[in-house]
Structures are given as structure tokens and as C-alpha cells.
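Two complexes are shown next, each including chain A; its partner changes from chain B in the first to chain C in the second.
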Partner chain A sequence: MLKFIGKRIGYAVLTLFLIATATFFLVAAAPGDPIAAKVGQMPEQAQAIINEKYGFDQPVTVRYVKYMKNLLTTGDFGESIVYTGKSANDIIKENTLISAKIGLMAIVFQVVIGVLLGMVSALNRGKAVDHLIRVLVVLAICVPSFVFASLLQYFLAFKWKLVPVFGWGELKHYILPVAAYAIGGIASYTKYMRSSTLSVIGEDYIVTAKAKGCSRGRVVRKHVLRNSMIPIVTMIGPALAGIFAGSFIIEKMFSIPGLGFYYVKSVSDNDYTMVIGLTIFFALLFVIALIVVDILYGIVDPRIRVAKGKK
Partner chain B sequence: MKKRRILAGIMAAVLVAGTLAGCGGGGESGSGSKTEGGSAGGEKVFNYSYNSVVVGLNPILNTSAPDNVAHNIICDPLVRNAKKADNTTEIIPAAAETWESSEDGRTYTFHLHENAKWNDGEPLTAQDFEYTLKLMADPDTAAVNAWLFDGVIENFGEALYSKDGKTAEDIGVKAVDDTTLEIKITHPASYFTELASSVYPVRQDKYEEWGEAYGSSADKIICSGPFEVESWSQNTEFVAKKNENYWDAENVKLDKIVMKVIQEPATAIQAFINQEIDVVATSDLNWAEQIEAANMSTTEIVPDSAPEFLMFNMENEYLANTKIRQALSAAFDRQEFVDTLRDGKALPIYSVMPDTMLIGDKSYTELVDGKNYFVKELQEEVKDPKALLEEGLKEIGKPADASQVTLHYASRGTNELSKKMAEWYKQIWEAELGITLEIDMMEWNVMWDKIDAGDYEIAVGGWGPYYNEPSAILMLFDPETGYFNADKLGWNNEDSKKFKELCESATDIVDEKEKAEIYLQAEELLVKNAVIVPEYLEQSPTFVANTVKNYFVSTNGMTNWAEVDVEK
Partner chain C sequence: MSEKILEVKNLEVSFRTYAGISHAVRGVDFYLNRGETLAIVGESGCGKTVTSKAIMGLLPESNTEIRKGEGSAILFHGDNLLDYNEKQMSQIRGSKISMIFQDPMTSLNPTMKIGDQIMESILIHQDISKAEARNQALEMLKLVKIPNAEERMKQYPFEFSGGMRQRAMIAVALACKPEILIADEPTTALDVTIQAQIMELIGSLQKELKMAVILVTHDLGVVASVADRIQVMYAGKIVERGVVDEIFYKPSHPYTRALLNSVPKIHTNNKETLYSLKGTPPDLINPPAGCSFAPRCEYGMMVCRKRYPDITRFSDSQECSCWLYHPKADTAGLPEDMIRRRAR
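Showing the complex of A and B:
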């Protein structure tokens, strides 16, 4: 197991290095001068100062070596070109938690409600409740989250004035974005939970439990719920890694001060330190989440651990 | 059986409730650390929004649109621009109580308020303004808008571009005493006070202490305006509260200005109708109708002062010919352009000078009797643009066959409007002139790169003049020193030389009528000869909640925040 984890971490480091390198050169090759907008009408001397500050007076390979060296030794992504006086690290520090908070809350709702609905649906297979849930699930999976966001915003906030249209800081500001974010996920978890519950119900050990005289409640709680949760647990890992990407559009809609604004804007601003810094940061999160999932697989399901161990 | 099902339901509910409680706790603790806003009873708060963030509060380095709004709130320039009823601007006192210019118009003396103060109680002095201007003139500072004073303040350009051995110490700015600031300018310029309204003071001791971090956070800024920074969380909100040390604090009406970031236009409009923000601008007809139906606001329509225009790269063999360019300019109807592309929410222009341009205190358009509408004149003269185009082709020794002409159009950005505009020109020019227009869609920063490198044929430009005098626009096209110089426009012929001479000869003239006539001749070379082709002025309505009083925006985007009031 330790060897397995070590190997995964090794691959992860390599992946990160490749991503950092590729991003650096892609951004360098992208059309548009990152400081053109900034220097505008400045005298040559002033332009030279700014060029030197960001290293644009040197060829791209020299810049790359310098950047990597700085990144590896200090972990510093460098000063933003647009937000002078702030490094990409500062901006990540200030805004990551907000993006993460919305995503994490949404995942909690997704799992809890999804599992519940999935089980209700499976245990009532073929009945009206099951049909209703399945129709809603298909609807919720097909409609993109920003459509839900607009609808929720228009009705709950704008028309009925139950919550504010936008904003951040108080509990009431969480309601719409978390709901909009969670709906799609609730549907997927419901769908997976339903099918996994159905397959578990048919297993021999459930029949055994029933035959032993277990109450229905006990069977559901002790045997069905636990076993049918396995695929759900493995889905949570990748979902955790995706909480940032998924919330960008919702952040924009409800003016939530997360990282989304900076990520999108820095691309159009050609703010190369920000683009590279944020990309590496997201890649890092993703890679970590994948490692955690790999390890989780092993813990949740011994069969996987054995198979991987043999390899 | 039924009982058991109920039990299972309860169990599940408990499970959910447990998780929810945990999550709710997390949410609350998170919000607890952030919440502090909550308007106290009786406070007068103006809720404002912008679609982008305040990048920084250093007026010398941060000059994006939201930055300028913030500076306008927390800094006191020498004088302020205020909107007059006819959409022109009026210069009113700010840090300077009075000012006068010498007989020859080359020396301006500003007398500061005796009790002008920074928000920490230190006096705001003439030396602060001297320091600020000298800092801007130093090329090492890399001040973004320093070039504005090149050729205006004595020795400023020389210091900025390190010419004639001059340094920032040599510029014609001097604090005679604590409250008297004397500025020497190189030629009589009636617009100088307007330029002075953009000089927001910084303070030496703090600027030296904080260095690059000056204005990068709420605790690293010193304010001189009617408001001071209360809190600033970059992509959430910028909050300014009344500055009790402001010289005119007793007449400042608001207690607080909250400027939020709202990127999504639909969000801003819904928030406006629900009175979460007090002012919103939109050119979307559907939303405008909803706002009007809500009947809670007044509509203000102020045309922008920034002309939008097409520009031609005259290095191109076809576009070097005046007749071909004139044919392109004459071939489309500006009103139709505005109706089709802007839903009529813009003002077609026939001169590159908006009607709000002034010389002294007189309107440029009136001084020249409207003769500056060169596009109209051209369209009356040219009944058949296609014939003119073919004449042009003959002049450059090409067969008079428009169908062999292919031109490339570089879009300014890839948004909906840019796409529609490109397609509109393609349709009109191909139908009217019989040429082929290829559209190159590109991001706006890529377009600017191409313009810088002269690597385009037809592109879209625009410019918001920094003061309302024709030279603010004409100077842009100076073939050597202008922003749209010969490297970008390829304008390098007899006309461009004459243009430069005319602009230079106008600087020393004091008589308004005489000056206007020279500007008119220069504009004729630029617009009648279609070096650039004026299109329209932006004119999107701004909706102001009925609870707001005295909120006006001047054509160049300034608001006199000390006057603004809310009644709630």
C-alpha cells in the first residue's frame, strides 16, 4: 500500500511539472502582449522598468528557468501584472475558501439528498414515487446549473423577494448559489444510489438477513444502505476536485467573491502570472483529490486493494 | 409494516438533520467572520455597483474605470468636473478654493482651502500637489496617465521622456506657500483646469513608506476626498464612509457609499428593481421596460464623449487612396447603423468631435456653424460611392473593378456586438460597393497588438478624451507623437504633415473663433479625407432610484459625490 501511494505521488509531481511547463509556454505563445495595456503611452524608460520587473526583457526560456526556480524554492507564483502589489498567492489565499465553501456545502446536500431520494426511489420501485423521482432526475441532469441559477434568482429573489438577488457574507446569501449548484449533483447521486440499491437488494445476504427475521428497517439501515453507498463514496473524490470549476458561473451570477472572477479575467487580461499560478493551483488540487480517491477505493473496498496490490 | 417504514423515515431524517446541522454550523461560522455591514438605522447609504473590481487605489498607477470611480470618491483633486444641465461640464472648486490664470494664459495659480485636510488630520497642502505632479513626471514612476501633461505643463514632457537633461525637479510646478500652487504651462490652454481635475494627490511620507503597496489595501491608503475608505474586499465590495476631516464635511450628505462588484448585467438589474442597489445602466430593451414598469426610478440619458470610429491602415495599397477610403465612409448610413446594431440607443456622429466639445466656454460645433459634420458633407457630395471607389482604383493604376478588391476587417473583441458589427459592414460594403470584406474575429487585446504592429487593414477604434477640447482628440492622430501615430495608421503623406502643422499652430492662439477654424481645417483632413470614419457615441440610459437625489454623471464619467443624497 505504501509503495502504491508513493508511486501515485511520484506521478502526481510529474503531472504537475508538465502542467506548469505547458501552461508557461502556452501563455507565453498566446497572442496579446501582457503589459501592452499597462504601459500604453509611457516613456521608453518606464516601459523598460516594467519589462524588467516581469522579466520580459529576457527570452522565454530564461524566464521559464527563473520562474520554475523561484516557484520550487519559494512556492511563489509571482506578482500579478494587473493587480500590482499582490502576488497570485495572495489572491488564491484570499479567495479560495469562498469558492470551496459553496462547493463543499453543495456536495453535502447532493450526497445527503441524493442518497435519500435514491433509496426511496429504489425501495418503491415501480410505484408513483419512483416514477416521479426518475422524471425529476432526468430533468435536473439535462438542465445546466446556470439555468437553475437564473430561475432561482428570478423567482425566489426577484419576484418573491425571499432572499437577496446577489451578495455575500450572510447565511441568506448561501441559499441560492448552493441550491443552484447542488441540483444537478442531487440528480446524479439519486440515479446512482437508485441503481446501486436495486442491485444490493437482490444480493443473497439481504435475503439471508430477511430470512433471519430482521425487521425491514434494520435490513435497510444495516445492510442495504452501507453496501449501496460504496459507489457513492468513490464519486465524492472527483466531485471534491471539481468544486472550483463548477462554481465559476454561479459565482458570476450571484456576485460571489471567489476565484472564478480572477481566473476568467486574468486570461483575457493576459495576466500571465495569475493564469499560470491559478492553473498550477487547480491542477494541484485535482491531483491531490485523485490520489485521495485512489486511497479511498482501497479502504472502502478491499477487493480493489488486493487487485492493485498484485499489480 | 407501515410502522417500520415510518421508523426508517425518521432514521433517515435524523441522519440528514445531523449532516445539515454540521453543514449549517460551517456556514454560519464562515459568514460570522465576514458580516459587519448591516446598515444601522438612519444611516444614509448609497449602494452602487460596477461590473469589475477596483484594482488598486493608487491614483498614479491604477487607472481602470472602477479605479477612477474610487479615486473620485476618496480623493480631492484641485478642481472638480461637474455636470451642467446641457451635458457640458463645469469646473467647480475642490481642494482649490479659487484659481486664476495670468494675462498670457500661461500661468495658473491655485489657492487651496485653508482647512483642507487628509483623513488623518494632516493639512492637505500645495506641496502635496507639487510632489504628486513631480512624481508623475519621473519616468521611473511609470505613471499611467503622465503623458497627458506632456506639452502642457512646462518641461513636463522633457522630464518624462528624459530630453534636454531635464528632470522632474525642473517641471513648471511650484508650491509658493502651503496654500498656493503655481503651475506654468507651455501655451494658453483653456482646458487646463479640466486636466487639473484628474490630478488626485498622494502624500510623500506615505508614498515613500508604502512604496509599491500604496493603495493596494484598505489600510495602505490615505484619503483627501469627501469620503475615506472604510473597508475594501477586492471582489466583493468597496466601502467608503464620510471623511470627517474633509474641508467641506458638513455639506457631505451621505454617510456611506458601498460599491459592489456585479458582473452579470441581469443580476444588477434585478437587484436594482428590488432596491438592493440605487443606480444601474443598461441598453437591454427588455430589462429597460421592466425597470420602467417598476416605476421606481428616473432615467438619465447622457451621451458619452468617446467617439467610436473605424480606422484604416494606409500602408495598404487600396486604403492609401483617399477616394477609396471616402467611398467606404460614404457608403453607410449612421442612423441605420445605430438602429440596427444598438437598438437606437446610441447617437450617430458625423464629426469625430462630440457636440460637447468646448473651446473656452463656447461650443466648437457652434463656433464653426456645424461645418464640422464632414461625413454629412461627404455623403451629400458623393451620390455614388461605388463610382468614387472605381475612380480611386484607376488612380492607383488598378482596373476599375470593385469585385477584385478584398479588404480585411479586424473585429474589436468577439462579443455579440463585435460580431454583428463585422457582419453588418460586410453586408453593406459588399452590397453598396461590390468589394469583398473578409472578417478576422479576434480578442480585443490581440487587435491592439495588431494595430501596434500595423498588421491590419480596417479596425475599430474609440477614445474617451481626457478633456472636452478638440485638441484632446486631434492630438491622438499626430503622426509622430499621437496614440494613433503613423506607425499604426500609416498616415504619412502631405495631409498628415499639414495636419501636424495645423495642430501646432493652434496651440498659441487665444481667440476662440480663430482656434476653432484651425481645428476645423485639421478635422477636415482627418474626417473628410476619411483617415478615420466616425460612427457613433455610446448613449445607454442610466436608471436612478427615486430615493436618490443629485446623482449626476458628467460626460467624462465624473460624479460630485459630496452632493449625492438618498432619502429612505
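Showing the complex of A and C:
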């Protein structure tokens, strides 16, 4: 198991390095100029000073080596071009938690409600409940999250005045963004859980469980649930990493100062250091999430645990 | 010895399918005595598995129709299981009547320890502590001759070989010492040496626990050494039944004879072609009128395709449904032993 994890970490480091390199050169190759965007009509002398400060007077390869050296020795992503005086690290530090809070809450709702609805749907296959859930699932998957966000804002906040339209800080501010963010995920977890539950129900060992005298409830709790959760676990990993980046639309709509908000803004601002820094950060989260999933997998499915242990 | 513990009367099971209603079991009667082994033999799709699952109440409710009332019944100690609700059935399943299945590779829960799977039925049916249940489960595992039972209790099914899994399956089924064990093709998925071991194991446990066994199989070779009585099923009906010797030495139904002929004998030399029965079983959505074996039967007559034959009794135990034993049947071309049997 340790050897396996070590190997995975090795690959992860390599992946991160490649991503950093690719992003660096892609951003450099993109049209547009961060300085021009920022300073507009500055005197040439001032522009030259800024260019020198960020190293834009040097060729891209030299900048790359310098950047990497700095990153590897200090772990510093560099100073933001737009938010002067703040490094990309600061912005990540300040805003990650905000995104993560919403994302984590949303994921918890997604998995819990999705798994529940999926099971209910599968266990009542062909009945009215199943049809209703399936129609809702298709609807929720097809309609984009910003539409839900607006609908929620309109009805819950504007018309019925149950919650604030937007804002940040208190618990009540979480309700709408988390709901809007979670709906799509609930639908996909429901869909996956339904199909995996259906396939588990058809397995021979479920007949065995019934033949033992298990009641319907016991069959579901002890035999169906765990086995049908296995594919869900695979989905949770990437979703965990995605919560930091994926909530951009929601963050924008509810004016939440999260990381996704900064990510997209830095792209449109041509803020080199921010784009590269955030990309590496997201990649890091993703890679970690995938390793965590592999370990989680082993906990849910004993077959994988031992196979890995024997390697 | 001859106390009837199970009596199946006029069992009719049909399934609703997209193509129409499939009549899988069409009026089956039989009984089971305490401690005996009854074999149900027939090719795939003849209704033998459906019959056994009907006894267990394991057929999917959504698309299955089991005929109730008017002489149709599954009597267990005189109580009609067809009238039981799901809760009552689950109290019978695993404690009074147990079942083991064809494929041990898929019949055990892959994410549950073997020990827990055996303990589960004990805990459901008996009011005892977990520790006691664990001890009983361990005893069961030893009883089915699994080495290092204590260690094996903590392992998962994927750490067991096929034969071991079937042993574990048997341990699960017998954990509550049931009165009846239904073994549905218990050795089909195993290789021949393991087959013999498993059959031997079932036989010895049967004596030890004094339980009756319904052995469902298509393999007459498996049946010969263990069964007391055999009934041959074809297209949802029992076409012939008798004690083992009668079926093997005096087979009377052309289908039984065909089955027996298609078993390779030890003295068959390799230049002979093994007999094989031509054709396929009939479509049970539109079962043919008359005897459903008639289209494949070497001796088929006009009447066979029109009316279902009555039962002809040859002894207390052997009977057969075939027109060839009717006094007016044309005997030309029949094998000699069949003509001789007619005369009786």
C-alpha cells in the first residue's frame, strides 16, 4: 500500500510539473499584454519599469527558468499584476476557504440526497416515484446552474423574501448559492446511483441475501448500499477538487469573493502570475483528490485493498 | 421416514414478458419426504429453477404470476406457503428452507466478510448474541471442511476459490440447520473433481442434519449417486418420475431415454458418436397443444400433438405421461424394452 501511494505521488509530481510548464508557455503565447491592460496610457518610462519588475523585458525561456526556480525554492507563485502588492499565494489563502465552504456543503448535499433519491428510484423501478425522479433528474441536468440560481433568487429571495438575494458573511447567505450549486450534482448522483443500484439488485448475491431470510430493508442496508456506492466514490474525488474552481458562475451570480471568481477574472485581465498560480493550485488539488479517491476506493471495496497490498 | 414435509400441488407459474405471457411451470405436483433427496432433472428452460424459486418465494413479484387457490398449493408441514406474506416467508427462508445457487462466484456478497455472511442468517433467525453467532458460524465453516476456518472467517469472497466459495455458500445456507435444502445446479460451475467433493459434502451434511434435499440439475451423472427419487421435467411439466433405479434402468418416457442416451458411458469407445437430442425446447409463450415433447420425439404420433397424455403408472413410485403407453398406441418401431413395459 505504501509503495503504491509513493508511486502515485511520484506521478502526481510529474503531472504538476508538466501542467506548470504547459500553462506557463501557453499563457505567454496568448495574445494581449497584462501591462497594457493594466496601465493603459502610461508613459513609456513607467511601462519599462513595470516590464522590468515582472521580467517581461526578457525572453520567455529565461522567465520560465527564473519562475520555476523561485517556485521550487520558495513555493511562491509571484506577485499579482492586477492586485499589486499581493502575491497569488495570498489571494489563494484568503479566498480558497470561501469557495471550499460552499463547495463542500454542496457536495455533501449532492451525495446524500443523490444517493438517497437514486436508491428510492431504483427500488421503485417502473413506479410513479421512479418516473417522477427520472423526469426531475433530466430537467436538473439539462438546465444550467445559473438559471436555477436566478429562479431561486427570484422566488425565494425576491418574491417570498425568505433569504437575502446575495451577500456574504452569514449562514443565511449560504442557502441560495449552495442550493443552486448542488442541484445539478444531485441530479447526476441520483442518475448514477439509480443505475448502479439497479445493477446490484440484479446480482446473484442479492438473491442469496433474500434466501437467507433478510427482510427487504436489511437487503438494501446490508447488501445493496455498499456495493452500489462503489461507482459513486469514483465521482466524489474529481468533484472534491472541482469545488474550488467549479463554482465560478455561482460565485459571480451571488457576488461571493471565492477563488473561482478570481480565476476567471485573472484570465480576462491577462494576469499572468495569477493564471499560472491558480492553475497549478487547482491541478494540485485535483491530483490530491485522485489519490484520496484511490485510498477511499480501497476502504469501500476490499478487493482493491488487498490487490494493492500484494503488489 | 416417509413423513411428507413438503407438498407441491398443481404449481403454475407464468411470467409477463414483452413478447407475451410465458408459462414457465404448467401444473407441477410433487412431494418431499423428511430426509430424502429428490432430484429434478431437465434441460435449461424446463422450469426446474422456477419451481424451486417458487417454493422459496424468490421470484420477482413485479412480473410473476403464481396460480393460487383451486387445488394449487405449496404445503410446508401442511401450511400453504402461497398464502404467506413477505414477512412470514422471510421467516421460513434460511431457517426452515434454504437454497444454494449455481454460480458460487457471484452468489456471495463481494464486500462482506465470509464470517459475517454466515452469521447474518443466524442472527436473523435466532435470538442469540453476536459472539454466539460467531461461534456457530465458525462451526459451520469447519463443518463444510474449510481449512483455517478462523482466519477464513475474516476474509472476503474474492480470497476464496470457486469450490471454497460453494462450501461457504453451503455454510451460509445450512447455518440455521434447515429442514429442506434446495440446491439449484450446485456443481454446474465447478470442475469435475470439485463437483464430486461438493456432492459428497452435501450428502454427508444431509445425513448429519437430517434434512431433505431438492437437487435441481441437468446432469444425470450428478444425480445417480445421491438421489433417492428423480423427476424429469420438460417444458414446465413433469413427464416422468420414479426412484433412481427405475429412471436409470427402466426409463419409459422418450425424453428421459434421450437424456440418458446423451450421457457418455465409461465404455463408450471414441469412434462412436455420442447421441444428441435434436431440436430445442418449445416456446413457452405459445406452448404446443398436446405433449410438448412431441415435435422432438422419435416416436411421435398424431395424438401426441393434439392432447396431453394421461399418466401411466408402472409401480408405486414410477409414472410417466406418454401416449406410447396407451393400449391403442402403435408399437411398430418401438424399442423392445418399451414394448415389454407396455404389456404390464
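Here are a few things to note about the model shown:
In this text, the second predicted complex is superposed on the first by the 285 of 311 C-alpha atoms of A that agree within 3 Å, B and C clash if a C-alpha of one lies under 4 Å from a C-alpha of the other, contacts with A are read in each partner's own complex, and residues count from 1 in each chain.
Just so it is clear, a residue touches a chain if its C-beta (ideal position, glycine included) is under 8 Å from a C-beta of that chain, and two chains touch if they have at least 3 such contacts.
Because the structure is a prediction, the values reported are computed rather than measured.
When both complexes are superposed on chain A, chain B and chain C fit side by side without a clash. Once the two complexes are laid over each other on the shared chain, residue contacts for A:215 go to chain B and to chain C alike.
When both complexes are overlaid on chain A, the residue A:112 reaches chain B alone and has no touch with chain C.
Of the two partner chains placed by superposition, only chain C is touched by A:227; chain B is not.
Once the two complexes are laid over each other on the shared chain, residue contacts for A:75 go to neither chain B nor chain C. Of the two partner chains placed by superposition, only chain C is touched by A:205; chain B is not. After the two structures are overlaid on chain A, the closest C-alpha atoms of chain B and chain C sit 7 Å apart. Common to the chain B and chain C contact sets on chain A are residues 215-216. Interface of chain A with chain C (complex): residues 125-126, 203-205, 207-216, 218, 222-223, 226-227, 230, 300-303, 306.
Within the complex, the chain B residues that touch chain A are 1, 4-5, 7-8, 11-12, 15-16, 19-20, 22-24, 26-28, 30-31, 34-35, 37, 52-53, 55-56, 58, 61-62, 139-147, 160-162, 212-216, 233-236, 260-264, 266-267, 270-271, 273-274, 276, 442-443, 445-446, 448-449, 452, 483. Those residues of chain A that touch chain B in the shared complex are 31-33, 36-47, 49-50, 82-86, 94-95, 97, 101, 104-105, 108-109, 112-113, 116, 119, 150, 153-154, 157-158, 161, 164-171, 173-174, 215-217, 220-221, 252-255, 257-258, 261-262, 265, 268-270. Those residues of chain C whose C-beta lies close enough to touch chain A in the complex are 56, 58, 62, 86-87, 90-95, 98-99, 101, 103, 106-112, 120-121, 124-125, 156, 158-159, 169, 172-173.
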